Amino acid sequence: MSEHILSIIWLTPLVGMLAVMCLPKESKDLIRYVANGFAVLGLLVTIPMMRAFDSANGDFQLVERYDWIPALGAQYYLGIDGFGFLMILLTVVVGWLSILCSWSSIQDRVKEYYAFFLFLQAGMLGVFMVLDVFLFYVFWEIMLVPMYFIIGIWGGGKRLYAAIKFFLYTLAGSVLMLLAMLTVYFRHFEQFGFYSFALEDLMRVAAYTGPDMQFWLFWGFFVAFAVKVPMFPFHTWLPDAHTEAPTAGSVILAGILLKMGLYGLVRFAMPMFPKGATDDLTVQLVAGLSIVGIVYGALVSLMQKDWKRLVAYSSVSHLGFCTLGLIALNPNGIAGGMLQGLNHGLSTPLLFLAVGIVYDQRHTREIADYGGLANRMPVYTVLFAIALFASMGMPGLNGFIGEFTILRGAFEASPVWAGFGVLGIVLGAAYLLWLFQRVMLGPVTNPKNEALRDMNLREIVVMAPLIAGCFWIGLYPKPCFEILEAPTNKLVERLDPGYFSRNAAAASPGGEPLAPLLAGGAPAGE
Amino acid sequence: MLIDTAFFYALAALVLGSAVMTITRRNVVYSAVWLISTLLGVAGLFLLLGAEFLAGVQVIVYIGGIMVLFLFVIMLVPLQEESAQRRFSNQKWPALVCAGAVSAMLALIVVRGIGALDHPGSGDPLGPGSLSENSEKVGLVLFSEYLLPFELASILLLVAIIGAIVMSKARNRETES
Amino acid sequence: MEVTTTHYVVLSTLLLLVGVTGILTRRNILVLLMSVELILNAVNINLAAFSASQQQVHGQVFSIFVITVAAAEAAVGLGILIALFRNKHTVHADEIDLLRW
Amino acid sequence: MMDALTFTLDDLHVLKPAVVLCLFGCGILLTDAFLVRRTGRRWLNAVTALAGEAVVAVVVWQHLGDVRSSGAFAGLGGSVVIDGFGVFFNIVFALSAVLAVAMSVRYMEAEGEHRGEYYALLLFAQAGMSLMATGRDLVVLFVSLETMALSFYVLVGFLRSSKKSNEAALKYLILGAFSSGLLVYGFSILYGIAGSTNLEAIGKAVAARPEGDWAAVLALVTTSVGLFFKISAVPFHMWAPDVYEGAPTPTTAYVSVASKAASFALMIRLFLSAYGSESAAWMPLLGMIALVTMTVGNLAAVTQSNLKRLLAYSSVAHAGYILLGLVAANESGLRGIAVYILAYVFMNFGAFALVGALRRDGEAAEELDDLNGLFARAPGYTILMAVFMLSLAGIPPMAGFYGKWYIFLALLREGYYLLAVFAALYVAVAAYYYFRVIRACWLTDGSEKPALLDMNLGTRAALVGCGAFTVLIGLMPQGFLDLAGESVLTALR
Amino acid sequence: MFFLESIWLIPMFPLLGAALMLLLGRRLDAQHPQGPPGDDAREAHCGPSRGRSVIGVLCPGMVLVSFLFSVGAIWQLQGAPGHSYEVVKWTWLAGLESGTAAGVKAFTAEWGFLLDSLSSVMILVITGIGFLIHVYSVGYMAHDGGYYRFFGFLNLFLFFMLLLVLGNNYALLFVGWEGVGFCSYGLIGFYFRKQSASNAANKAFIVNRVGDAGFVLGMLLTFTTLGTLKFTEIGPALAAAGFEAEHAWGPLSLMGLLFFVGAMGKSAQLPLHVWLPDAMEGPTPVSALIHAATMVTAGVYLVARSSAIYALAPKAMLLVAVVGALTAIFAATIGLVQYDIKKVLAYSTVSQLGYMFLACGVGAFWVGIFHLYTHAFFKALLFLGSGSVIHAVGGEQDMRRMGALKDRIPVTYRTMLVGALAIAGIPGLAGFFSKDEILWKAWSSHHTALYALGLITAMMTAFYMFRLIYMTFHGNDRVASGVQVHESPRSMTIPLVVLAAGSALAGWIGTPPVFGPLHDALPSLEHWLSTSVVAEAAHGGAAGEHPSAVLEWGLMALSVGLALAAIWAAARRFRGRKYEGEPMAALLGRPLHGILVNKYFLDEIYGALFVRGAAKGGGLRLALFDRTVIDGAVDRVGLLTRVSSRLAMFFDKWVVDGLVNVVGFGVKLVSYPVRMFQTGLVQNYALLFLVGVGIVAGYYLFS
């Protein structure tokens, strides 16, 4: 049981999918119950994982490793560390909520819908736990398919365009990743004489690869992840996908899919090609793009007339923060980046859920069609405000913790980045508050809105866990940091060997001696 | 030798000339006739090269078989409006240009390759009057080394027969059943 | 003034090209098929010439098979032509363009 | 040179597949003429054909065992050699033949052309192909090639009353004859160079020639264009879309998979053994051709509205990918070719089987729009269609992915980074039109008079089988990769 | 030590109140007959329901409790070593190790509460005055909708404010900092159905964000330089790193600068002051509590908190002083011509805040705090008074429609008069001591120019305050007919009285040394604060030598004299005689008056540039601004933002996405010609075939 816990986690939704497929497609409610049941089950099966996980340990845990395709050296190789752990938790929670929240909003082709959704869930979970690059690629690609269908079948007006755009963008990015992958794979074979896709094997290749090659390989991976994140010039699939997708789809997109880019960076791209990641051009370029993304996303959302589109662009801005943190290449930057990813995964789904609630009643996303909702839906207003301020980076809520840590990391790397980064904070307040004002405040102008009902219990239940999460991370993020610490330090040590000891050495006499920071890090002080 | 040379050029002229006539005649029947003369010319070349058996096959199979086939089909095709029609397709000029260019290239290759294919003792064919030997040799090789192709050829011809029948036979109610 | 194999090769190449030209330029499918025969004859000339220069008969045997194939192709070709003619009442290559783009 | 008229059991053993096929072919002709035609149960012919395939399977199994145990073995004075390569391709041919037969019964019934000759020709074609893959003698290769070609000409034109079918057959024949004329012209030059028709002897002779000898070049030019035609590489691909559209769909599938595979077998054999020494001369050319082929195939498919044509262009593009494997010409490249072809059998047959089954009141419905709203009518088969399309697009974990995977690897190994990038990006382009198909059957609602799936047991079996294998190879590729691997090792010699 | 250990409870009581309001508030308030919240019309003329009285007891009660706790804690604090006591609850921000100038330090911050002399003063002000204002609000808001919302926010505000002053590190301070910002957002926008209100709210929050950006960067820089964010560790770290006073722009000066940027936002200093006047959209108690007494002074608190850093960064201090002085006079000038009673007070607040920064800037941090403390009393008093006035005249805020109220609302009049005298700096009253101390410090630290500015400002202050008094309470009755003026209820007047008393007496804890024995006899705030705030900045101020007492007396006399003169001037123009026309315009001359009325057009400029200014003061507007503003009003985004984000969107649509679509389109476009080759004519195919042959042959021939 416990040694197969990861398999169980990702297989649960898959079983759920099969179960759903076996049901007759007329009995919609049965399907809904079964799907939700499996979603909850998926949530429950992570409990043993949480109990078994040791956050102090920076290595991969709960490892499962079997030969899959010996001819290729591909293995069924699962394992998690802090990064994966958090992402898996996020996935099961958000996945469950998005399945729950589509209870009433999805009425046609229910069976397919839930089947796809559970399939998607399985794929995403897989991505976050595989340590075999080949298998990773498999999960990475296959997970696009259900998303394509979810957007394409149950989406809004331009759904076909959005769906294929989403698919092709990501595919185009990931084929380049495939090439980079193969190059490393082959170089590993040349170096060590056997084929393997295991992450740690491929990581060893870096030692035998020149900076230039690493640079290109890193970018091969990076483009794929940058598309997913999405980073500034690669972001345009996002607004369409977000806008057209059904609420649950947007929730999953914002909540989890975007995080895969971040996760891929810290799990694969950066450790595999440290020289490529720390290459000066790379750093400058990525940081520049992130900053552009932050400001740019904010400015564009300022102009949006479409509610969901606005939130989508805000994601571009927020994820810009995350990548900025990652590319700062120091503990706070990376940990902050991942944590901010988590936060974004909590707060942005809230915003989308909020949109969904009124969308289901009014079937319009135009901001102008709303206004004065506070008069009709006080509870809704409060929850929306919480989500809003969470993603705005209100201290005491989760957003601030992430942004602040990222800015810390960025500042350490280059104060200028931080200087630009805070611009995002200012603009963030601007477009979010303005949205709030236009939607919630003022008198009820549009008579159609008079009829709006406040949130029902199910909707509140859907939102509650996320809001709780926002507050929890906002008030007591320590556990998250503890989970992130070990892997982050390991990564930093790999990217920038002697980071800790060096800084400790640079300490002015005032700096008191430090305890040994981590297994890899030399005891500081001398 | 000189005789051979003379014969060669004569036959070459005949072959090429009638080949050109074949593809330029308006009336298909004439084309067919010219084709026959081409084939005869080739048969002559075979003789020149001391391949009597081959020459025989050429005459019998081709002129005896294939051409008859052609003529049969030609009979099926109404000739009167045929002769009124345009002879060449619209793309004849580009086609000619391309053909010219390609032929130039091939010619260039061949010319550059001059001598590449000449083997010692080339040019002096197996002496005349060795017909029986030739056919014997051919027979031996055909039934030893090329036994398989020989058998396969029968299948090939079977396929051809089936094809010809299937294709040319009109659909009758019997096939629907 | 010796007739070398090359002479034969050149001749066959020319014959080949005449055949090709025929295929490219004539409208009548029958002539097209005849042109195919020309090409195959070019091949035969080659083979005979080589077999002569090689002092062996393999080339001739090869060309026997070529002739066989030629016959077979002609038969099938004409069969198909008849079937087509039955349906479309034309033997002109540029009048059959149902399948395009 | 062995004595006349000696034909040992070893020779027979080597020839078994072809012999069996020919026998069953003739058997079908006879039974059809004298038994089946009376009963009117034409599917019996199909059964006979399948029985033949069963026997072939046994034979091939024997061969596989022998090759695995005691390496390659030759017959008939080395003019036919059974090695892993040949065995592998025999398997491919057998598989495609089985699938073709299974698909054909219902289709030919519906078209009212259900006759014994059809199956006989299928088998004869297969016999020719199997000898193409195993033959080592120019004459054998040429005659077997022609056997295959002629059978296909007839099969393509088998719907005699359909103008399209006639036209397709005629085009195929004229261009085919043209191309094989050039091919055999090249063969003649090769014979002139080597004074022998045996490939190994030719290889030696060519190698003995000075680098870039013009005679060799002439042979190379003519033979390669002949082969390019067969594998429908650009610019020799023009026949493919028309023939694919005009031919009866099962035949289309058969042509697109089997004949292409056979031609590739011949090509690999020829280029590696006869022109092995000239590789420096032809690799860049092949590279260019492959690139152009991928480009044209993919681009042309993007806006295609007829399903069969769309698949035709896509198969052109696939030919480009497979060709890349030969460009790299290293172990993973050839492995890639083998894997690619093996996967291609299932995914392409699957796709064509579904297209072939699509009918609107008796008329074959082959337009993209005819798929609209298929999900409502046949969800299961819609899923299969999605599987095939994903596999064709090379999305893991479908079978189609592994072929591309090996090809890319091969290219990167040889340092052809640019080619690799292009090939990779074309995957995205290809995904676009494959997803047009998926979109049609999943995302768009059907018209009031939708096309229906008209299939019988055979078709269903073929479809499900293809789907199963496409997924199975994707998830558990080990065995298949080994099988493909064996073929390569021998081919590399 | 019970109270000391439980200082962390002090903020919790208001938080509890807020939580209760959030959960039960609606149900309690629901018993009050009302429609949708904020719908005043339906609210009018119905006595407070039981639910409301519960709220009215609960929320002030909470504040009272924490006030008592504060008093207790401070009482015990005197026993504590170094007048400082810290309670750490748990690690909050648990960032990872990161390299700093002081070595690898974990980037952490705790939920820790620090009570020292500085924060003690603050919490007294906050809880004390906060309580009074709560009480006042019970009466003032009685007829408004969203009663529970109001008190909930008010309590929440107190929680954050207390967190701000009790937090033991910058990060936690920032939590409170943002929190109070959030509450002020909620309370300014309390009447959220009014466009102007929500605009003002947005404006306040966003302008503050600009400051916050500076604050955040300041924190980051601090951590980078000193490796800690804890107040108690700043001093040691500075010492350990061995910093000298920077006479060029060094890290410390930068820190000072950045923190001050934050302070500018919160405390409405130039050029970020624009939000405060608009903030008067909120209910008057809010203006009194948040925008006069407590929140806006957080900036001063921050600077005082960072006194250790500033003390070593003379450049930064000079900047603080200059900005402070300029703001002071700038706001005062605008205050001269305002007619809206609350606007006058708002600008006077800005100006007084300027004073406080001036004090800090010249190195007299304790004086800044001192003024903060006295100012809290009289400014709260004045605001509440004005509220009472507005309440009395039925919501009218324009002083031109008041007058002759002094007999009709005597309590309000008298109390406000005290406040006015206090702020004008009449000897004996609170304002006198603090303001004079500031001026004296400015002088004695040889910033004569700043001193002059301060002096003029003091004069202007006296003038506009009495202009306010006279226009409101004297002169002819200009109240709109039909409004029956009435004195406010007890719940409102009692706080006024208490505050008046405070404004009268609060100053005596900061008597200048020249008072000799009196000074020694009275408790000295300076001495009390010396434990937590740098007494005198190191830079060229009057650190050591004490100038002559005579001079000090003289300056004192001078400022008092000027104040009296100003009052007399105001009296001449506004007392007694009927009010008509534009006396100020006459006094200042039209153009200047115009500029002042329009607040130097700053709102318009910002509006044009960034965000369309919220509340537009009346008066003349220039066509240019009109255009940009109206134009901006279309989508309510200012020129710069609008243009840039339009550009961004354009870029997105046409360049980034365009590129992609072009690729897609291009593919399709190429697709057709490629297919066009497929003519269907077999001979074309053959021809192409031949071309292919040619290409292949050519390749071998020509390569």
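In order of appearance the chains are A, B, C, D and E, and numbering begins at 1 in each one.
The rule is short, and it goes like this: a residue touches a chain if its C-beta (ideal position, glycine included) is under 8 Å from a C-beta of that chain, and two chains touch if they have at least 3 such contacts.
Please read all numbers here as calculations on a predicted model, not as lab measurements.
Novice: Please name the chain that ends up farthest from subunit A once chain centres are defined by their CA atoms averaged.
Specialist: B
Novice: Among all other chains, pick the one whose mean CA position is farthest from the mean CA position of subunit C.
Specialist: The most distant chain relative to subunit C turns out to be E.
Novice: Name whichever of B-E and B-C has more C-beta pairs touching across its two chains.
Specialist: Contact tally favours B-C.
Novice: Between subunit B and subunit D, what is the separation of their C-alpha centroids in Å?
Specialist: Taking the mean C-alpha position of each chain, the two centres sit 30 Å apart.
Novice: Could you state the distance in Å from the CA-based centre of subunit A to that of subunit C?
Specialist: Here subunit A and subunit C have centroids separated by 66 Å.
Novice: Please compute the C-alpha centroid of subunit C, do the same for subunit E, then give the distance between them in whole Å.
Specialist: Centre separation, subunit C to subunit E: 97 Å.
Novice: In angstrom, rounded to a whole number, how far apart do the mean CA points of subunit C and subunit D lie?
Specialist: Inter-chain centre distance comes to 26 Å.
Novice: What residues in subunit B touch two or more of the other chains?
Specialist: If we look for residues of subunit B contacting two or more partner chains, we find 89, 91, 95, 98-99, 102, 106, 109-110, 113, 117, 119, 141, 145-146, 149, 153, 156, 159-160, 163, 165-167.
Novice: Name the residues of subunit E that each touch 2 or more other chains.
Specialist: 675, 678, 680-684, 686-687, 690-691, 693, 697, 700
Novice: Do you know which subunit C residues sit against two or more other chains?
Specialist: Within subunit C, the residues that touch at least two other chains are 5, 9, 16, 19-20, 23-25, 33, 49-51, 53-54, 58, 61, 65, 68-69, 72-73, 76, 79-81, 83, 86, 93-94, 96-101.
Novice: Of all possible chain pairs, which ones touch?
Specialist: Taking the chains two at a time, the touching pairs are A-D, A-E, B-C, B-D, B-E, C-D, C-E, D-E.
Novice: Inside the complex, what are the residues of subunit D that reach subunit E?
Specialist: 170-171, 174-175, 178-179, 182, 212, 217, 220-222, 224-225, 228-229, 235-236, 238-239, 241-242, 281, 284-285, 288, 296, 299-304, 429, 432
Novice: Give the list of subunit E residues in touch with subunit B in this complex.
Specialist: Within the complex, subunit E touches subunit B at residues 681, 683-684, 687, 690-691, 693-694, 697-698, 700-701.
Novice: Which positions of subunit D touch subunit A when the two form their complex?
Specialist: Result: residues 375, 379, 386, 390, 395-397, 405, 408-409, 412-413, 417, 420-421, 424-425, 427-428, 431-432, 435, 439, 442-443, 477-478, 481-482, 485 of subunit D touch subunit A.
Novice: Touching residues of subunit C toward subunit B in the complex: what are they?
Specialist: The touching residues are 1-11, 13-22, 24-28, 30-31, 33-35, 37-38, 41, 44-45, 48-55, 57-58, 60-61, 63-65, 67-76, 78-83, 85-86, 91-94.
Novice: What residues of subunit E sit close enough to touch subunit D in their complex?
Specialist: 664, 667-668, 670-672, 674-675, 677-678, 680, 682, 684-686, 688-689, 691-693, 695-697, 699-700, 703
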